[in-house]
Each structure stands twice: as C-alpha cells, then as structure tokens.
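Dropping the structure in here first, questions after.
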Amino acid sequence: MNPMQIKIEEATKQGKMGLIPYLPAGFPNREQFWKELEELDAAGVSVIEIGMPFSDPVADGPVVEKAALKCLADGINLTWILDELKKRKGQFNAALLLMGYLNPVYQYGVDKFAADCEAAGVSGLIIADIPLEESGFLKKALTPHGVSLVPLVGLNTSKERMKLYAENASGFCYFVSVLGTTGQRESLPERIKEKLAEAKEVFDIPIALGFGIKHPDQLTQFEGLMDAAVFGSALITHIENGNSSAEFMEPWI
Amino acid sequence: MKKGYFGDFGGQFIPELLMPPLIELEEAMETILPSEEFQTRFTNMLKENVGRPSTITYCPNISKDLGLDLWLKREDLNHSGAHKINNTLGQGLLAKMMGKDVLLAETGAGMHGVATAVAAAMLDMKAVIYMGATDIVRQAPNVGRMKLMGAEIVSVESGTKTLKDAINEALRRWLADQETTHYCFGTAAGPHPFPTLVREFQQIISKEARQQYMDRNDGDLPDVVVACVGGGSNAIGMFHHFIPDESVKLVGVEAAGTGEPGCDDSAPLDHGTEGILHGMKTQLLQTEEGQILPSHSIAPGLDYPGVGPEHAHLQATGRGDYVTINDAQAINAFKTLSQREGIIPALESSHAVAYAIEHKEELQGKSVLICLSGRGDKDLGILDQIL
Amino acid sequence: MKKGYFGDFGGQFIPELLMPPLIELEEAMETILPSEEFQTRFTNMLKENVGRPSTITYCPNISKDLGLDLWLKREDLNHSGAHKINNTLGQGLLAKMMGKDVLLAETGAGMHGVATAVAAAMLDMKAVIYMGATDIVRQAPNVGRMKLMGAEIVSVESGTKTLKDAINEALRRWLADQETTHYCFGTAAGPHPFPTLVREFQQIISKEARQQYMDRNDGDLPDVVVACVGGGSNAIGMFHHFIPDESVKLVGVEAAGTGEPGCDDSAPLDHGTEGILHGMKTQLLQTEEGQILPSHSIAPGLDYPGVGPEHAHLQATGRGDYVTINDAQAINAFKTLSQREGIIPALESSHAVAYAIEHKEELQGKSVLICLSGRGDKDLGILDQIL
Amino acid sequence: MNPMQIKIEEATKQGKMGLIPYLPAGFPNREQFWKELEELDAAGVSVIEIGMPFSDPVADGPVVEKAALKCLADGINLTWILDELKKRKGQFNAALLLMGYLNPVYQYGVDKFAADCEAAGVSGLIIADIPLEESGFLKKALTPHGVSLVPLVGLNTSKERMKLYAENASGFCYFVSVLGTTGQRESLPERIKEKLAEAKEVFDIPIALGFGIKHPDQLTQFEGLMDAAVFGSALITHIENGNSSAEFMEPWI
C-alpha cells in the first residue's frame, strides 16, 4: 500500500482527519523551507505536499502562484528538490508528495524522475495538467518505482470518469472543492457533499478535500465524506505574515 | 493516430476540471457542427456578416519590383479586419447553440478579442477578453473597439503580460465559469479539440484561395503559399487545402523578434524544443528545465512561445517549411506593401510578406500566394513610436 | 436640362483657367470611361482590390429592439473602409489612362484621402492630399495611413480649417498643376462633370444593394433607403437605382451638429438657401450676403456647408426626403450598432443609422436599408474625448 | 464704348501702358481705402479694380485672400461698396471695375446689382468663378446697364474659346499670366508671349496682363502684346508695410 494511504488511514483510524499541508519547494527561502517541513512533520501531518515551480501554473490561484514564481526566480528546480529530499530521506514521518505541472517533469525525463522520486523517498505525484486521457505514459513510468499518480476529481467529474480514475488508483484521491483555482475561500459550496459522497463510493482509497481550505471549522459539515484535508494558500499567507507552521497547525491538531 | 494528436503533437494536457467542458465541446463538434442548421447559419454569417469570400489580389508593383508574381489572400477585408472572425463566429455560433451565454477569449494583437466581441454582440452574448497589460498598451485601438462593443476587458498583469499569460488567466476563468461560458480559443493551438476546431473554421481561407487562384491562372496552382505563424490559425487555414498539392511549397513564417543574439523571439519551430504548454504537446521556447521563456515580436499577435501542434507535425514530416523574419524586415514589408500597393498589412501579416521580399532571389519567376491575415490600422501606433 | 445641371442645380462655376482640365475630363468620360479596357480594368479592381460586391447584412438585434427590419449595405467592408474607394479607383484609373501622374484630393474625414492614397499607390501614381488642420487633428489615424502609403499631406490653415477650405486649396493647386494632375474630387459635388462622374462610380452601391435585397426578400424592395449626406456621394450611390422605384422612400440624413440654437451645423438642404460654391449652384449654408457660413458636425466627413446638386434637385422634386440628425443622436447610434451588432460605423454613417432609431415609431414593421458608408475605427479618438 | 476701354486706349495712345491697380474694398480700413483710391486716381491709372469680399476666394493667392478676408471681417459688403461709390460718383478720372465671386452678387440679385453698378459709376465686373458657359444670365443683366463682364483668359485657353469670349466682349480682356492664383512672382513664364499674341489677334479690345506683376520691368518683354497691367498683391503688400499708393505708382508712371 502506498505510504500516503497508510499515513492518512493512520489518522482516520484515530478518528482524526488526515492533514496534507502544501508548500512550494524553497518557500519562503531555501533554509527556512526545511524548517517549515520539520514543523509540519512534527505536528503530525499525514502527507507533505511539495510544489515544483512552473512558469505557467494554470491551476494555481494568485497566492500559490506568487510564492512559487518567487521560488522559481530563486533558482529552485527539480534537481534541487530531489537532491535535498534524498539527503533527508527517512527523516520525515509524513509521506511525501510532489505537485507540479507536466512540462518540467517531461523535460527532466519521466523515467529518471520516477527513479529519483523513489530514491528521494517520494511516494506520490500530482500533475495538475494531466487528465486521465494523457496519464498513461506517466503512470507507466511511476508505478515500477512505487510512486502514485494522485487523481484529481471535482464537482464536474462524472461518476463514469471517477470510476475510470479509480481503476488502479493508489495513495489517495484529491477532491477539488471548487470550480476554480487554489486559494482560500470563506465557505465551501453545499453541493460538494453530494459529489464527495459519490467519490467516497467510487474510490477505495482515502479522499482528500483541497482548494480553498483555511480552517478545520469549514469541514465539519463533510464529516464522514472525506478522510483528509489539503491546505496551501492559507498556510503560505500565514508564513508570509511571519508566523510559523507549528502555529498554523494548532487548530488542526 | 491517437485522438487529438497530429503525429507526436497535440493532446489534451489540462486539469481534469477542464475536461468536462472540452468533452462537451467535442460532442458539440460531432452533433451540432455538422447539423444543417449550424452549417446554414454559419455559411450565411460568413457571407452576410463577414463579407466572404474574401478576394485575392494581385500586386502588380511589388511583383515587378521583385521579379515574381505576388498574390494576396485578403483576410484583412473581413469584417473587423482579420481572419480571426472566421473562427469567432464559428465558435460563437456553436457556443450559442450549446446554450452558453458568455464568450471568453484571450487576445494578443487584440484582433481575436475584437473578433470575439463582434461575435458576442452579433449573437447577443457577453464577451470577456483577457489581454496582457503590455498588449493593452501597444494595441490601444483594438482595446477601444472591444470596449465600444461592450466587451469586458481583463488586464493580465502576470508573467510577461502578453498572450501566453492571457491564455493562462483565461483558462483559469474558464475553469470557474465553464457552465455558462465557452472559451473561444483564438488560434489553432491549445488542448484538443481546439486545434481541429479552429482549423475547421479557418480552412475556408485555402478553400477559397485555391479555387480563386486557379480561376485566375488557367487552373495552375501557385508555387509557394505563405502565412505568418503565431499560434498558427491563419497559417493552417491557408495551408489546409494545399497540403495534398505536392507541387505547392508551404511556408510558415515565425517572428525572429529583433534578431539580436540573446534577445527574445517568437520562433519555437525554428529553435524550440518539444514540450507541454496550454494543453498541448508542441514545440516551445523553454529552458532545459521546462520553464517557458518569454517571447518577443513587434507583432503582438505573433508574440507567443508556443505554436499549434499541427504545424509542429507539418514541420516534422517535412510538408511545411518554417522560416523566420525579424522585426526590421517585417517593418520594411509593412511599408513596402503600403506604399507600393496601397494595402496596409497587420504587422503579423507583414512577416509573411517579408518572406517574399527577403527570399526574392530564390523566388525569381515564381508565383507566391500570401495570406494577408489582417489589416494594419491597429499597428500605426507601434510604428509611430519606432519610425 | 442644361448640360451639367440637375434641374436648377449644378453647373460649372469655376475660373476659366480650370475649364480646360474639366473639359478634358468630360472628354475622357465620353471616350475612355465607356471603353472596354476601362470597364474591364475597373470592374476587376472593384472585385479584386476593393472586395466588391460588398454584402448586405441583416441586424437581428436592433431590428427586434426597434420593431422594424434593419438592413445595412456594408461599404465599411471595402478595402480602406468606406465607399470612397469606389470613386478614387474609378477616377484614378481614368486619370492614369488620361496620362496624369498625380492624384490631388481634398479630404474631411480622411477616408477620401486614404482612398486616394490607396488608388495612387495601386496605380503607381503620386497622391497629394489637402486636409483642414482641424480635421488632421481629429482624424489622426487616417493621416497616419495616408502618410504610410506615401501620400503628401498639405495642412490647410485657412478659414474653418475643415473640408470646405481643403477644397478651396485643392482647387488652387489643381489650377497650377493641371497638366500633370487629376483632381480626384471626393464627393458628388463640385463643378460638372464631378457630380455625374462620382455618381457613375458610386451607383454600384445601389446596383448591388437593390439586387441583394431582392434576392434575400423574395423579390420585395425595402420600404425605406437611407444614407448620410455630406457632399452626397454615398447617398447618391445608394439612391440611384432606387429612384425609379416609386414605393421606395429615399431618405438623406444631414448633420445637425450639436443641435443647439445658434451653433453651426451641416444641413444646407434643411435650412440652407440656393447659392454658388465650389463650382456648383446648390443649397448652401450662407449669410444673406452670400458669405459661406462655417459648418459643424462631429462627423468630419459631413462637416460641409454645401451639398451635391443632385440632392438639391431630388429634394426640390420631392423624390428625396432630407432630414437631420444631431451629434448626440449619432453617437447613440454609433454605440448602439457597435454593442448590439458588433459593427462599428463611421460617425458619418452613424447619422444614417440614427435615423432608424429616432424615427422608429413611424418605421414600425417597415424594412429599412441603410448605407453603412464606412467603418468607425478612425473615430475612436473623437469618441474617447467625448465619452 | 465702355469707359474702361476708353481709359486704357487713352494711355496706349500716349505710348504708355494702361494701369489697373487692385485693392480689396475697405482695405486697409474704411477711411484709408478712399485715400488710396484717390492717390491711385491722381497717379493717372486707367481703371481701378475694387475687390468685393468673399469667404471662399478660390482664385486668390494668400496676400489678396488675407487682405480681403480682413475687410470681410470688418463688415465690408456689396451694399457699402456700391453706396460709397455712388456718393463719390464722378470723382474718379479712372474707370471703375468691381472684382469678386459669383455668390455674393447672386444673393444681392444680379439685376439689382447691375442697376446699382450703373448708379455707382461702375463700368466693369470681373467674376472669377464664371466661365463662358455660365456667363449668359449675368451678361444679360449687366448689358442694359452698360456694365461689361470682363473675360479672363490664360495660358491654357484655346484660341477657339478665346474667340467665343471675344464675341461681344467689351471693356478689356484680362489675360492671366500664370496657371495659379494671384500673387507676386519674380518672373513671368516665357510662353506667355505666344499666347498673348494669340489673344491680341482674337480680341479687338485692349488686353490687360495680370497675376504676379510687381514691377514694370517684368513687362518690357511683352511690349506690343499687351495694353495694360493689373497689379494687386504687390500693391497690398506695399500698403501693409505702411507705404502709400502714390509711392507705389512712381515706377509705373
């Protein structure tokens, strides 16, 4: 079983929600980044999602985009991320997940990328601009190395498509809470419930809800329909304001 | 060939959340597009609103000056001044029949934005246009036209503030508003089915031009067919019906920017590498690490680091020749066509015209049919600043 | 009827020293104009360079809004953006075949200047354009276009610095340069044979429009045919073939300027008196002492205190109805057509469109065919200042 | 015989050239105008040509146009001209000629105009924008009142047209020296001679040369081909510079 699933299920077995914080690699700067990761890990999160920078991040909202483009300008690249993770292999309790866009991975070389992920202790990958139809070649490269390609589904994903995604999916399923880009929102649409229930039914791996999440109170309404929460923009803003990740995690623990 | 692919290029590299509207669009292409209602209305609109067929014009003075036969396919005479309207009316009508209320578009030169605003006004829809802040300044006349027609203009402040970034933002907006909104993509690029859909609406250019040329040349075909390549819509429209004519050389002209070493340009087919951007696998200007490079051309409509996948394919198979023209050569062509024939071309189209001027030696005695994709009124401000 | 007269109006009121070139022109009209060579070349130019026939367009949205059927004859789709080119190519070709090297022209809105520059470039001639200093400022885009095409622009600083004064200066220039130069008069006014010659080149508008309208309406004719009247060339072109159709009401729209009492306007048919200016006897805005009054319209191409003699005649005989539209009404029509149909009309043409809007009550259920004489790109600057 | 012809022939009989100065009515101002006319008359000119202002004087060059438009702005009109001339009837030795454009005369009413000319002692009229073809109605009005419509011919007037003009012409024939508007020119085109000779042959009334004349020296080459000289712009400029008409006439006498 993929470590991400294991970690999330550890949480749910304890009656807690799996927690999946997102930070762009190298944010807010190279050293601080690893400190934030350690704090998050110490807070007991299930999966740490690390953003790989891309010049044209079409699925990102303004907060994530700005933070990630700053890291890109600072010279953060896939080599740095994978090398540094490799150095720290085994130091994190949480499972590690890389998130990004296809082109940098494609230029890196998907086979090399898959191998290097394994070597770095990365167990999952989210590629925002790969739908089902184009995912075959990537899955083929990742699977031998035990890296899961995490499916993203959302309010407009039909049950049929969910089923196709569910076939040999592993790790967890990322349920996107809104039709839109990442970013904090005050409230989440009611109709999520129905779709979440559908996803719960279709997938036999944990369901994580992401996009627009800033506080656990937003999620009480979805109890039983989701297993984990992903939060990015809220965490980034919090850090940008000079606060620590540990602090941010308090209401979640 | 895999669905949505042209050889190795094309595909649908977009977030899952954009798949439903793309699938909806693919379905509309299979059901609505071939319907008699659509075809009749569209054909009528092209004739009665756009003014099609657009004529072909022989250029007696430049032909004499250069020692070749220069012909122009006059897309600049279309309503709103460029080939873009063929596509926006097609997509607009399709969207209307799909039950959408809003036409969303990105624009570089503003011609596609204007053409989308026209389609929206005509079809009683709303237009929302994303345009890079840099382009808003350099193509001010088109911004004025869009606003006048009631379009909402969104200034894009991210990245290079040009076409590429406008596409990013428009994709984000589409993601959010997909239920009411059709993304009226402006060129034969982006995720499947856009490259095919846009080609479908632009192939009228070569359908007409091929017949018109033959009618005026005793059934002969031209030796060379030329078009500028930004995203590639006017070029694919101009090439399509000539592709089976093996004797006809097809030349796509990319923008070399200033042509100075180390400066940005817009010629991914010339020296780009294979990669993925805006939903498609194609040739891109990018770093070795897959970061997209900023592009530059004096012609805002060519100022794009990618290119439609079918052109990448035509290049790979050798059917299309792709060359570059720099800013200065384009300006020279702009002035030459204005002064010698009384036709002010768009700076984009000037790149295609420049091909004939710069390659006149090898073209001696040949007949060259160029797609004059748009008129240059919008560009006088840019030229004013330079000249 | 006396030669060169339309009823009481017309004639040849110019200095003796201008009679020889006018007589030369009259002769060319009798010999060259009807020749097969001229007719073939001219017809080809209209088709292959201008893009004729220009289409007619039905306006579904405005028709619904107003409760009538609104049709537009799309002269704005002509190469260079107005009906003016029909005339300049005709006169240009005639002049070329007469052995002239230079096309001289006055211009108000700049459309005739642009069209003359186009004709000169195309025919490998030189263009010299007289334009009032006021118009040079308010129609800057057209000045840019003329210069780009190699035309020499002469700024006219005398009098009201608009069209009237540009004509004065151009006549002076013609007097001096008559051997090498053809005065390519821009409207169906001036001394004989210009009103007839210009009508001859502009009648294509109604020739096409009448047939096109019938083709699309089961052989019916429109109830009302409308055109704006500056000098009167687009209007006479639009009326000509409808004149024998008694059921068709012909409406010419003059510019009322601001419409404020005491302010200048451009409506000599509405409240001018008979007099002599620019070589013709016609209706004029003038003092009781015969001094020509300054005119005003927001549309530079209508800003003229006189009118072509045939319109004075059509008014006198009752065949033509002449009404006025003020600046504000024209601007409203400009915006309405842009927003509701995606067509940006010239401010001149907007006066004609405004007629349908302002008279909608009496036009309920009727079909109204309007000459959209030109496109409004040139006018965005004027509008920017106002809106 | 028309007084203009009489006066010019008086001069030519004395071996001199007939002199025809031109001033716009009311130039440089109302009072001064009559003083200038008196000085010109005293200098022995044959005909005084008085300009009637018009807003759109297409045959005038910049000097005349500017001077005449100033007078127009000062309120000079046909009524004033004819009234003031009437008051002074008989005071001038020279014949009087009015020059202008058709429209003001047309609005005044051609019949009334002809009668008032007679009453004011005016014996000739030049209308710059009436060619042969349109002159019939005006001649018809003028003839009963003894006012001649002076024909203008020039370098581009064919002999045939000259002959048509010559039919029942009276007063004098105005030969325009250039293809252009009024205004001083340094030299006159050589080919005038040929055309002047033609005019001399065709017309049996005196020939006056005008347009571009500033000094008698310009005219020696045309001896025998012309009977009188018309000068306007040079005189106007001279007066504008603060000099007197009398002074201007000195080289001519």
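Details
Letters A, B, C and D mark the chains as written, and numbering starts fresh at 1 in each.
One rule holds in what follows: contacts are C-beta pairs under 8 Å (C-beta built on N, C-alpha and C of every residue); 3 or more make two chains touch, one makes a residue touch a chain.
What you see is a predicted model, and the numbers here were worked out from it, not measured in a lab.
Touch-path distance (fewest steps) from chain A to chain D is 3. Each chain gets a centre from the mean of its Cα atoms; the one farthest from the centre of chain A is D. Distance between chain centres (mean CA atoms), chain A to chain B: 37 Å. The distance from the centre of chain B to the centre of chain D, with each centre set as the mean of the Cα atoms, comes to 67 Å. The set of chain B residues touching two or more other chains is empty.
Listed for chain A are no residues, as none touches two or more other chains.
Taken as a graph of touching chains, this assembly forms an open line, each chain in contact only with its neighbours along the path. Checking each pair of chains for touch leaves A-B, B-C, C-D. Within the complex formed with chain B, the chain C residues making contact are 47-49, 51, 54-58, 60-61, 74, 77-80, 117-122, 124, 141, 144-145, 148-150, 335, 338-344, 377, 380, 383-384.
Interface residues of chain B, counted against chain A in their complex, comprise 4, 11-20, 158-159, 164-165, 168, 171-172, 175-178, 273, 275-279, 284, 286, 288-292. Against chain C, the residues of chain D that register as touching in their complex are 53-59, 65, 72, 77-78, 101-108, 128-134, 151-158, 161, 165, 176, 178-181.
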